[in-house]
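Dumping the structure here so I can ask a few things about it.
Chain IDs A, B and C follow the sequence of writing; residue 1 opens each chain.
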Amino acid sequence: MVMELLVTTSLFLPWPFSGISCIIQGCIHHRGQSGFHIKLNMKSLITADFSAAAVLITFGALLGKVSRLQLLIIAFIEILMFAVNEFILLEELKVADAGGSMVIHCFGAYFGLALSFVLKRPEDTDNNAKEGSVYHSDIFAMIGTIFLWMYWPSFNSVLVSPAVDQQRAVINTYLSLVACCVTTFAVSAFINTDRKLDMVHVQNATLAGGVAVGTLANMIIEPWGAILIGFLAAILSVAGYKYITPFLDEKLHIHDTCGVNNLHGMPAILAGIAGAVAAKLADADDYKDRFVINNIM
Amino acid sequence: MVMELLVTTSLFLPWPFSGISCIIQGCIHHRGQSGFHIKLNMKSLITADFSAAAVLITFGALLGKVSRLQLLIIAFIEILMFAVNEFILLEELKVADAGGSMVIHCFGAYFGLALSFVLKRPEDTDNNAKEGSVYHSDIFAMIGTIFLWMYWPSFNSVLVSPAVDQQRAVINTYLSLVACCVTTFAVSAFINTDRKLDMVHVQNATLAGGVAVGTLANMIIEPWGAILIGFLAAILSVAGYKYITPFLDEKLHIHDTCGVNNLHGMPAILAGIAGAVAAKLADADDYKDRFVINNIM
Amino acid sequence: MVMELLVTTSLFLPWPFSGISCIIQGCIHHRGQSGFHIKLNMKSLITADFSAAAVLITFGALLGKVSRLQLLIIAFIEILMFAVNEFILLEELKVADAGGSMVIHCFGAYFGLALSFVLKRPEDTDNNAKEGSVYHSDIFAMIGTIFLWMYWPSFNSVLVSPAVDQQRAVINTYLSLVACCVTTFAVSAFINTDRKLDMVHVQNATLAGGVAVGTLANMIIEPWGAILIGFLAAILSVAGYKYITPFLDEKLHIHDTCGVNNLHGMPAILAGIAGAVAAKLADADDYKDRFVINNIM
């Protein structure tokens, strides 16, 4: 039971480091200029928050394996790496990533899984009794799920240019989440031999649609596109919890405490692929004079 | 205790159907036109959410009596009926219903109670031991109550025209909720023989003022009008939990699991009556050139 | 355990009285004018909410010592005193207090502590077994802490003039909270002999930075200023829980149930001092034509 409080206090750890993120981003933006002033505005605070979100995702793969001091060191290094990765993707490669699926979710998940591979101890397995949930944890987790579900459209649209693009990002995210939620319930009941719902699926896979539509949330993908992405994300995520997490644990010795590969990793890869397809199919006429898709930076 | 998780996951069920609501409303709005394009914007998503809210209210009368599969079928049919009812009230009869008290709360509650009458099994009574709450459920329910209380002014004003009308809707809803909250505490202590507060009243009746002022939230009803409505709603709601729910259960064989008649049904009827009175008394001079009261559609 | 529900329902008590606050403020604003109309708008509702916040802080010092009826009487009197104090500070002395640290937090905390001194019974001591927390209370309290942390920047900026000033208030509050959060974790681990974190510190002292920067949130204090204030607030608050609360309890017979002196009282005094320093150092050129700093009224 002490696990719960450990998790709750650990969630506080990355936020302070978002302050460091502001400094690093300030340095990156001022490269080659004389003088040195870091501008702080809403955008830089939101980007800093996003970098903290990547650290939280990483923690999801590591909780229980590492001490709080180790988490602090990991957070410090990851914020640096996050800024470098974001700079390469968004500034150099000019990648479109409205909701940060690649920059935040994919990076955070696989950063955590790589660390988990290195730091795994013999007792870190899915069979560990402490890994199961207790009844009240499930209720608390549902509160978290509901809030994430509600705020995901805001998350995916906050750094998109206002009005038309932002409304499109909200609607696409909402449709993807709705499709993901239905599919998760159906697949979870279908995949379990007793036809019951698995609370882990309900708490996690219902959110995968938000990750999977993140990269292309502000693109013109039509409602059926958003719904298709949410549908695929749910199947991927539920199948991940059922088959891939145990496989990674047993065969590859990668232990994933909260299943971040299923909620963040694989749906983010789906987002990257879907984003590339949508960008290839995009017609400049549809976007008219607003063809520049906004990055999160 | 499994009830809690059943309730929590059931709350997710209606949202997917809100997608269906978008399609139905698209069909209604395009009747008689050539071509077929459904426009999705913030308003259609909010209306879809509102239809999901009606389904949630219906579930409140049915939880524990029906299987999840039955809930799915009910949700599907209710979304269709919701759209028909909303079309008749708002489009044909041109009824003013800013916060949807009639369209959402009244419809949802009595749809549920009618189903409850039909589906009632012998063991569904107020005397069922599973119907009582446990200590931690009460705390969780208080979190829900506080969030509903906080967001009710937004709920009643979201589809009202911005600035003046919206501010009026927020203030009227807030005043009604405040009056309702005070009155609930007083009446609950007064009505119990041991002068203690009943947690069911605190969790539910404190919100009845938001329902009861919904229809006329954006009308000029003066602060005393909003406070009077909240005051009456609290008395109605507490008396409902104390006397009317047992009466319905024993005499009419209508079992109301969460007491939706007390929080949604009767306060919504009050809202309809108060709305009719306020519309009758409305003076075009007060509203000046903005006499058109906005519907939620 | 009944304490939890008592606390939860007590949190509802002050809100109704915020309605009284609207009336009192209406009277104050119309002094010396003929006619009598109280204008209700968003600002008057927010100010009324703020007065309810002061009452909630006061309750933090009194919970467990007084009956609900006594709480009602206290809330009624405090709302009146709040309006008088606010009028003197903001209207007569023209004090700048953007986030209301002096008007809300300082007033609420010491109003409560004075009452606690008068109302203390022999059994009200820190050694009372009921004063400890149970595991689930700690989890619930963390939900409260996280929501307060998230919304504190909004709290400190809501009544500041929009755009530039408001953005500055948000950023200063955020930086102060971040610095406060880091420092709390460090100091809490350092101050405990077993180097463990104390949940009371994590739940409370992490928020002290928001109080301590409240008065000067919209002033030009540079990021280092905001961070310094958060740093000092955390040390003050953790040291308060560790040393000052037991001292007040044993030596001065002032019992502080929730430690409001540590989260609200002393950080608010720090805010007042920091605000005076910042106002003294303020350069009219920096603020250009916007030298008028906005009060919360």
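Everything below uses one rule, namely that a residue touches a chain if its C-beta (ideal position, glycine included) is under 8 Å from a C-beta of that chain, and two chains touch if they have at least 3 such contacts.
According to UniProt, the chain labels map to these proteins: A, B, C = Ammonium transporter Rh type A-like.
Quick caveat: nothing in here was measured; it's all calculated off a predicted structure.
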For the C-alpha superposition of subunit A onto subunit B, the rotation angle in degrees, rounded to the nearest 5, equals 120
Interface of copies subunit A and subunit C: same or different residues on the two sides (over or under half shared)? different
Chain-centre distance (mean CA atoms) for subunit A and subunit C, in whole Å, is 35
So subunit C residues touching two or more other chains come to 136, 143
The answer for subunit A against subunit C in the complex is residues 1, 4-5, 8-9, 11-13, 15-16, 18-19, 40-42, 45, 136, 140, 143
Note: in the complex, subunit B contacts subunit C through residues 135-136, 138-139, 142-143, 146, 167, 170-171, 174-175, 178-179, 181-182, 185, 197, 199, 202, 206, 223, 227
